[in-house]
Amino acid sequence: MAATPTFALPHAFLGIGNRNPAARFAVAGIPFDLGTTNRAGARFGPAAIRAASRMLADGDNPAGWHNPARLDLADVGDFRIALGDIGASLDLIEGQAAAFPHLVALGGDHTVTLALLRALAKRLGRPVGLVHFDAHVDTWPDNFGQPLAHGSVFRHAIEEGLVEPARMVQVGIRSPVPHEVHAWTHAQGVTILDAESVHLSTPGKVADHIRDVVAGGPIYLSFDIDALDPSQAPGTGTPEVGGLFTWQVMGILRRLDGLDWVGMDVVEVAPPYDVAEITALAGASIAWQYLCLAGFGMALRGG
Amino acid sequence: MAATPTFALPHAFLGIGNRNPAARFAVAGIPFDLGTTNRAGARFGPAAIRAASRMLADGDNPAGWHNPARLDLADVGDFRIALGDIGASLDLIEGQAAAFPHLVALGGDHTVTLALLRALAKRLGRPVGLVHFDAHVDTWPDNFGQPLAHGSVFRHAIEEGLVEPARMVQVGIRSPVPHEVHAWTHAQGVTILDAESVHLSTPGKVADHIRDVVAGGPIYLSFDIDALDPSQAPGTGTPEVGGLFTWQVMGILRRLDGLDWVGMDVVEVAPPYDVAEITALAGASIAWQYLCLAGFGMALRGG
Amino acid sequence: MAATPTFALPHAFLGIGNRNPAARFAVAGIPFDLGTTNRAGARFGPAAIRAASRMLADGDNPAGWHNPARLDLADVGDFRIALGDIGASLDLIEGQAAAFPHLVALGGDHTVTLALLRALAKRLGRPVGLVHFDAHVDTWPDNFGQPLAHGSVFRHAIEEGLVEPARMVQVGIRSPVPHEVHAWTHAQGVTILDAESVHLSTPGKVADHIRDVVAGGPIYLSFDIDALDPSQAPGTGTPEVGGLFTWQVMGILRRLDGLDWVGMDVVEVAPPYDVAEITALAGASIAWQYLCLAGFGMALRGG
Amino acid sequence: MAATPTFALPHAFLGIGNRNPAARFAVAGIPFDLGTTNRAGARFGPAAIRAASRMLADGDNPAGWHNPARLDLADVGDFRIALGDIGASLDLIEGQAAAFPHLVALGGDHTVTLALLRALAKRLGRPVGLVHFDAHVDTWPDNFGQPLAHGSVFRHAIEEGLVEPARMVQVGIRSPVPHEVHAWTHAQGVTILDAESVHLSTPGKVADHIRDVVAGGPIYLSFDIDALDPSQAPGTGTPEVGGLFTWQVMGILRRLDGLDWVGMDVVEVAPPYDVAEITALAGASIAWQYLCLAGFGMALRGG
Amino acid sequence: MAATPTFALPHAFLGIGNRNPAARFAVAGIPFDLGTTNRAGARFGPAAIRAASRMLADGDNPAGWHNPARLDLADVGDFRIALGDIGASLDLIEGQAAAFPHLVALGGDHTVTLALLRALAKRLGRPVGLVHFDAHVDTWPDNFGQPLAHGSVFRHAIEEGLVEPARMVQVGIRSPVPHEVHAWTHAQGVTILDAESVHLSTPGKVADHIRDVVAGGPIYLSFDIDALDPSQAPGTGTPEVGGLFTWQVMGILRRLDGLDWVGMDVVEVAPPYDVAEITALAGASIAWQYLCLAGFGMALRGG
Amino acid sequence: MAATPTFALPHAFLGIGNRNPAARFAVAGIPFDLGTTNRAGARFGPAAIRAASRMLADGDNPAGWHNPARLDLADVGDFRIALGDIGASLDLIEGQAAAFPHLVALGGDHTVTLALLRALAKRLGRPVGLVHFDAHVDTWPDNFGQPLAHGSVFRHAIEEGLVEPARMVQVGIRSPVPHEVHAWTHAQGVTILDAESVHLSTPGKVADHIRDVVAGGPIYLSFDIDALDPSQAPGTGTPEVGGLFTWQVMGILRRLDGLDWVGMDVVEVAPPYDVAEITALAGASIAWQYLCLAGFGMALRGG
């Protein structure tokens, strides 16, 4: 067993020492939160997720008995951003993301996903399928007058052709939203699984539904932590009641094996509002589960 | 879309500017917490619920695509109370409540409901049906020797003929309670749905049960935030484990359409014990959902 | 009804005044947390659980209408421990535990359970069955090089013959763990009910499963508070997402009547990380429910 | 040296085990806060002060090398109060206080001092001198319409002849106050040392000034924790900027030896607003220092 | 005396009801924090300062026995800002500020002062003298590459001719700073009183020094709350040890009477990092003291 | 100026990238807190101090216009420790410390200083002078029966001949302590400057006194953060009222130039009890000031 207690591991994802940018999987932080429409603080998300992830360092994932720390995995530190400038920051992020074969990004607010999808679509030369966990559809045409912020990121992603709407599913949706925004999203062909439908179903069935939507090409996972219930993710900027539980989310994710995963982000972890690091731990657990999915092709069905 | 970010909206329910006391619906705060038997702090509940409610200002309720901010809705500020005097405060509250056609009250501890029901029964000239969410039956004959406080409010309401016990349902009950208090309540004809029974059922079935009990006359909603689980409503005075989840509560409420709603309160939000405003947000979401029910007669079934 | 408000009750379990060490049931605190591998603080668990337990003092348990405060129940204060010395502390704890007919121990970290089981097995002259709620199997051969700490307590208990592995069930398991540790545990004959299996079942069925495993001899309950979800028990040292909910745990426990209970502990409540005392209240509620089980032989089935 | 670590001492003032009501000095808690005009929570003050006081258990007070734990000192628990009823609570408190030879009371809000002074004046058959630390003069004729609450306690004490205004000094005063309230206080002959005058002087000179005012008869110490700066005592209901520092207060107190001390209270510690127990520790340190003064007649001058 | 307890006053500065934009003094909030280089959150500063200011509503300022609530004083609510856009926000702020005869602005981060000074200089047709409390000189040429943010506001103000450097004094300075930034500031003729020099002097002498620098024309007060020590103002974005104490700051301010005050701001109050509202109360107290200075021309010397 | 905002700098002391163990100065963390007699948590001190230190990265120290980040300075990460074993941990720490030319250690509880002094005395072949800031003398013969823990570290250091008592000064002392412990310390020739004496003096005079005691040989600085007042350092295990202020401590330290500094530690920062990172920032500022002293021989006198 490991000789270093959890609390004494290095401040890196899973406490790993690898910093090699050419690793098969690269974990990077993006300390950007200028696009938040309510509470800020996600700039400190990467540090908090890294610290909490050390809880997951010592053992195998019981879902498949894989250990992500044994992958060719590097923690490459944080991306540079431009203070007080949304557009310049997105350009910087896109540029830095381009270098990595397979990126696991720790946000930061949801705006950063646009830059990451731009880099990814450019690298792949095609749009991707999208599994999008969130309380919000994030397809507003603008954010209180600001065209590009965390509530409009997937409007842009669809309009720029970075994602395939027909292979895009939103899970956990429940916020107030203008009906026309919802209708526009639906009209693009996006599948919306609202939070109540997840509560009234099982992880196995939800995973099957998601798989039906996204299969057939490269798939990106964008996980807004506010998909979770505020009790489990208080540390976020725009919480909404009635959210998903981590047992559901982890149960869904670990049944999404065998897909062509090409990247992921976990965003909107805002540590100033967190409690006992539980939001950060949720974020870390989701990234850790993703690495098992993408790294080991773990197979688990039913439930 | 709106031009003002959530965090910059005015400090009023849903950020609305209307202060007209003759509006169809009036939201009022009642900063009173002298009746608490454990932790105080609900005096700050109205301010916290207002602040959190701004998260709900920008969009339609997905359950029916209604927007309560478009109702004839005013935030009339806080009621006056008498410092350190339960009886005088209840009289003041009753007097102020009398003026409003349809009141949405933000407590304050549960004691205030007695004053609100007195004003309502007087105005309607008859008792009302009651949907009462709570961890506690609140029908103690006294509260540690104090006859009138937050644990005895419905004993008084029944004895004063303000509510119809046969059209009264208590949802989420689970606290320790002397058997004779429970038996007395049951003997009045009150229906009790304990918390476990809600967990083992579905929101649709629970809503049907509630509807069966309360239909057939004017109905009041009294929502003690401690009906929710302590994880989702830590900011309250007398939490009990095993509570309801917001997804259940919201699911139940939005299926209680088509009833003759005549008023509501959400009480026992105690901000000094809250975390990241999640209890306040729950309180705000419940009042917001109620406004959809009472204002739009929204219809949603099944589930 | 009682004349003392909750907040003014003495600082003892359920506010009781009995300190008699010969009482039928003795509640004792064990302020020890040297065995924690991540966050410390469980040394303050006993004080916090006692304070929170006063919420449960005024009434009967609705599951059976029993009131544990009416049992011959004493709060005997805290056990002495040895500062900075795991082994010496365990010896001290074992020695003190030996004196009590039926002990309800408030931890402290999980290491203390080894000392309690040693005392119990010695007193009974035989190993016991074990109902063990936890996020972790706690059967590591060592803890980051330390042979005896909170992650290896049941490895020792099995190897020392203090428990019967075939009558041992672990509920709520979900942490990362080396596959060989899990396999070793399984090979001893221990039954593992992971957290997801509880979520996908009902408290009634889980209770039946537990009963099937442990029936047929004296049974000990060891409840690590991290069996609960971090949202409901943030105040603990090694939280894991996807945990059990208190409604499930209380529902399972109250269906485990009619068994031969011989002692219990609730451990790993770490108040420095708690929120609004909710973790402490959960711990208190579990001990209170246990006292009903062990003291009244309460019978409740189904669900 | 002691064998029990600080964190494992019993929950009593200085961790002492003596509960004898006839002890020379009795420490009692008064969990009452109905008289607060802003934030409540002082009902939990006694428990927090006791817990924090254990930091002071292991050693002598460097000011005189005395150890209050060696006095004939008992912790007699908390006084009963009447839920939600100011007048009835004061009567209960007065009745209970009457029994003790020398009381060290842990509040509770400042209203309780009136009951304590009534009991004391009755027992002594004469008014007392008063050293009163506070941010507020507490001589309002009423409190937002309530005649008897924490802002009017010394108006009542003076009018009832419980204290000698000419031997009464208020230290740390700085809050906004109607000029007529200040003028009335001054007109009674009360000496007011505002906070800035303490900052611009030294503890030695301030102590000399206090001694000059109060010498010549029995003296009571009433310490409202909001005399301290909000940074050192955030856990209180009505903080005011510019407050005293603990080094000043402790320096003043330990120079007030050789006086005829007859009782004391430390009030307005409101744990829900405290941070890392620092307000509670300040309250405990003040009571501990008082016990040295009253118990050992410690002599320290100059500075 | 007033009939409304502190906790029940309206959510406005000092709880006042006046909203008239033509009042002699207008209090306005500016919920903007895009210019922060470390921790965000000052967007919530105006709401927190208003809530805390209610502590100051009931009485006269002992420094002169004036009550600012009796001035012709309005709380005009919050200024609009542009989400995620520093430049557009400053333009909006400048435009809104132009309308008010005498503005007391509640920030928001320090960047907003540039907009306020632009509006003021335009209205007066001349530059102003400046009393600037801060831990930082805020004359960086840029902020990590961003030309306009909270660390460069006075570089711009000087270069744009909005302030007279020879009548500008910075009080409380102590942060690390490139020597060339400090030298540039000094070279403009700005007077710098570092924090230690204030600690080694008295409020009276510091006030005399400030008066000597700024007398002879209209004067603006810009108070960055981080001028205060982190213990007294934890709720801010860029704290620095060794800061000023509120007793010093209040003592200095109340001796700055008889000057030609033309406006003020108190900025950088970041409630997510505050404790028990003490930072917000400090901010409110400073604005309240300023209103006495500017509204009553209060005279107090010496000390 | 730097291109990276404070919040985005790497998680290292001052955000530096150098990890070279042969650097002239090495910063190392020691995540050990088994020796705490009250609250634990200092195991997380190194991470918190590193995070907070980034506030000091961008500029020169105004006391001398030096920038420690320009020294040959490495952050070498955290030392290994042995879980749950004081003696084995001290051996590990001593072994690791031996390798570095000049160590700046971030604790961890004060026990670690013994290991550091053992390594240092061995390397130098002689005892060192000691500047020891603390609320406690730390010369107890044992700690509640444990011979080696954070309260006895300097008893051991003196008895083992690691320090020269005649060149040892303790600053900020004020805790309760058995008279014989104080007397023993005094009898060894140690100079004790209690906290009140610092408050009644000036940093300049205190620095002169310290210099007089320790000059004439190599000097080590051991800074227990509880030397500071609990308001400025709430995040620690054994706070005591009446503590030093950071303006005093920084003022004293920056006047201790021209001495032969050979190493330092800052210990007892316990983040679970910290507020808004202010304790961590204080710890970081002290280490940063030390680096200026030791690295630049900065000269500043008077004050």
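In order of appearance the chains are A, B, C, D, E and F, and numbering begins at 1 in each one.
In the analysis below, contacts are C-beta pairs under 8 Å (C-beta built on N, C-alpha and C of every residue); 3 or more make two chains touch, one makes a residue touch a chain.
Only a predicted model underlies this, so the values are computations on that prediction, with no experimental measurement involved.
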| item | value |
| --- | --- |
| Contact-richer chain pair (by C-beta pairs counted) among B-C and B-E | B-C |
| Counterpart interface for D-F, drawn from A-E, B-E or D-E and sharing over half of its contact pairs | D-E |
| Length of the line joining the C-alpha centres of subunit A and subunit F, rounded to whole Å | 41 |
| CA centroid of subunit C to CA centroid of subunit E, Å | 54 |
| Residue list for subunit A, restricted to those that touch at least two other chains | 3-5, 7, 37, 39, 43-44, 83, 143-145, 229, 231-232, 273, 275 |
| Touch relationships between chains, expressed as pairs | A-B, A-C, A-E, A-F, B-C, B-D, B-E, C-D, C-F, D-E, D-F, E-F |
| In the complex, subunit B residues that touch subunit A | 1-7, 54-62, 65, 67, 202-203, 229, 231-232, 245-248, 250-251, 275-278, 281-282, 285, 303 |
| Parts of subunit F lying in touch with subunit A, wherever the complex brings them together | 3-5, 7-8, 10-11, 31, 43-44, 47, 50-51, 77-78, 80-81, 83 |
| Complex interface listing, subunit A residues touching subunit E | 33-35, 37, 39-41, 43-44, 82-86, 143-146, 148-149, 272-273 |
| Subunit A to subunit B touching residues, read off their complex | 37-39, 140-145, 173-179, 181-182, 194-196, 199-200, 229-232, 234-235, 238-243, 273-275 |
